[in-house]
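First up is the structure itself, then whatever we jot down about it.
Every chain is named by a letter (A, B, C and D) in the order it is written, and numbering of its residues begins at 1.
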Amino acid sequence: MSESITAKAAQGGIEAAVKRATQIGVPMSIAIIDSGRALVGFLRMDKALLGSIEIAQAKAFTARTVNARTSDLMPLVQPGAPFYGLEVSHRQPMVIFGGGVPITHRGEVIGAIGVSGGSAEQDVDVAEAGARFLQGLETF
Amino acid sequence: MSESITAKAAQGGIEAAVKRATQIGVPMSIAIIDSGRALVGFLRMDKALLGSIEIAQAKAFTARTVNARTSDLMPLVQPGAPFYGLEVSHRQPMVIFGGGVPITHRGEVIGAIGVSGGSAEQDVDVAEAGARFLQGLETF
Amino acid sequence: MSESITAKAAQGGIEAAVKRATQIGVPMSIAIIDSGRALVGFLRMDKALLGSIEIAQAKAFTARTVNARTSDLMPLVQPGAPFYGLEVSHRQPMVIFGGGVPITHRGEVIGAIGVSGGSAEQDVDVAEAGARFLQGLETF
Amino acid sequence: MSESITAKAAQGGIEAAVKRATQIGVPMSIAIIDSGRALVGFLRMDKALLGSIEIAQAKAFTARTVNARTSDLMPLVQPGAPFYGLEVSHRQPMVIFGGGVPITHRGEVIGAIGVSGGSAEQDVDVAEAGARFLQGLETF
C-alpha cells in the first residue's frame, strides 16, 4: 500500500514546525499535503499574516509539483534563466520563494510542507523543522 | 475587542470533531475559520473522501458568510424558494447541505466549523461536536 | 509501493473504451486519472464533440473525488435531495451525469475513468468497458 | 478543407515522443492539440513530474496560439523585450520555455505538441521527435 502522509503524521509535522516558529518568534501558517497534492493538515498560528494562508498551501503545492524545494526555484525563474515564468505556468499559483519542501520517504516524494509568515529564510527554517519530523517517522 | 478563534482553540475543536467522527466510524475533513472567514485549522482524517477537503472548507465559509447553519439553508435554495441559486452566488462555492455551523460567543459569531465526509446528518453531528467544544471555551 | 494507474494501463483502458465506442458508433473523449486525480492519459476520438474534452476529465475528477460513479450522483443532487448543489461545491466543475467510474483494486480506489460524447447511457457503457479492462489487470 | 490532427495521428506522435524520452531516460508528459487548440491526446509517463501535466498542455496551447516554438519566445518576453508579460496574457497560462512545437502541414499550422518533464533542452528534443512523426504523415 501507498506510503503517504497520515493525519497523525501531519499533526506531528505541524507541531514540530510550530515549535520552531515559536522559538524564532514569528507566527506562521503551515500546510501539509499528500503525494497527490491534497491537503492533509493546516494550522495558522495566532497573529500570522492572512497572506500566509494561501501562500503556505501554494508552497506545498509547488514543492510537490516539481519535487523540489521552492527556494531552489528562485534562480531558475529569473529573467534570462531557463524557467522564467514558471510561477504562472499553472492555473493555480506556484510560489517560488523559500518555504516549500518536499517530504521524501525511501527516495520517493510522498508529500510536501509549505510554510509562510516570515522572511524566506525563516519560512525555510520552519519548513525544514516540519520536514525533518516527517522524514524521521518510520511509518506514516 | 472582537473575540476570534485561536490556533489552540481550532486544534481543540478539530480534536473534538475527530473524536466524534471516530465514534461513528466515518473519516472526515474538518475546517475551522475565524470571524473574517480565514482558515485557522484543517485536518483530513485517513481515508476521508478527497471531496471532503474542499467541501468542509466551503461549508465553514458558507456558515460564517450568512451566520447560519448550512443545513438550515437547504429549504431556502430550492427551486421557487427565496434564495434559489445561493450556492453559486459567490466567487467561491457556497455549500448548502448540512455540516457548516457558526461558532458563537456571547451572542456574536466568531467563526465557523465545516465538516464533510459522511451523510449530511453525520456531518452535522460531527460539526456540532466541534462547535460545542469551541463554544464551551471561556477564552479563545 | 502505491498501486496507481501506469501510463501503460491507461493506454490499455483508453483502447478498450475506444473499441466499445467504435462498436456503438459514437465518437468520444476518454480521460484516465490516478488516485491523486492527476491526468494519466486522454484521447479524443475523431469527430467527438469539443464539449467532451472537458466533461470527460471532469467526470473522472468527480468519480475519484467522491469515490462513486457519477451516474449514482444524479438522484442525490436533485431539488429536495440531500446533495442538491454538489456539482458546484468545488472550484472546478463536478459533473453529475453518467460516464465517470472509479477504478478499484483490492477494494481501494486507485483512479477513475471519465467518458463523454454520447448520451449518458452510452458514456456509462463505454466508461465501463475501460474500467473493466483496468480492473482486470494484475499489475498497474 | 483544413487538415487537423486525428486521434490516430496523435497516438503516433505520443508514441514517437515516448520512444525518444525513454532513450534519454527522462519521464515526460506529452500533449497534442489540434488546429483549434483542443486537446486530442495526452500521456503522462510513469514517474513524470506532476508539474509536467499542466505545463505540457500549456506549451502546446502556447505554440499554436502564436504559431511559434515556445523556445523562440524566451528572448521576446524578457524585461524590456517586446512581449514582456506574454505568459500571463491569456486566461490560461502561456508557457515560454522550450517544449512547445507547432505541427505544420503544407505550410499550414494544424496543431501543436507540448512536452514537459525534463530540462528545456530535453523537452525540445522530445517534442521534436513527436513533431517529426506527425509532419511525416501523409494523411492525418
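Following the convention adopted for this analysis, contacts are C-beta pairs under 8 Å (C-beta built on N, C-alpha and C of every residue); 3 or more make two chains touch, one makes a residue touch a chain.
On a predicted model such as this, the values are computed, not experimentally measured, just so you know.
Engineer: Chain by chain, through touching neighbours only, how many steps does the shortest route from chain B to chain D take?
Structural biologist: 2
Engineer: If we look at chain A and chain D, which chains touch each of them?
Structural biologist: C
Engineer: Contact counts by the stated rule: is the higher one at A-C or B-C?
Structural biologist: Between A-C and B-C, the larger count of C-beta pairs in contact belongs to B-C.
Engineer: Roughly how many whole angstrom separate the Cα centroids of chain C and chain D?
Structural biologist: The answer is 25 Å.
Engineer: Using mean CA coordinates as chain centres, what's the chain B-chain C distance in Å?
Structural biologist: 30
Engineer: Counting only residues that touch at least 2 other chains, which ones in chain C make the list?
Structural biologist: Those would be 36-38.
Engineer: Connecting every touching chain pair, does the picture come out as line, ring, star, complete or other?
Structural biologist: The chain contacts form none of line, ring, star or complete graph.
Engineer: For this structure, give each pair of chains that are touching.
Structural biologist: Pairs satisfying the touch definition: A-B, A-C, A-D, B-C, C-D.
Engineer: What does chain A use to touch chain C in their complex?
Structural biologist: Answer in residue numbers: 1-4, 34-38, 108.
Engineer: In their shared complex, at which residues does chain C touch chain B?
Structural biologist: Contact set of chain C toward chain B: 37, 64-67, 79-80, 82-86, 88-91.
Engineer: What part of chain D is in contact with chain C in the complex they form?
Structural biologist: Residue positions touching the partner: 6-8, 10-11, 18, 36, 38-46, 50, 53.
Engineer: Which part of chain D faces chain A closely enough to touch in the complex?
Structural biologist: 49-51, 54-55, 58, 74, 77-79, 87-88, 92-93, 95-97, 119-120
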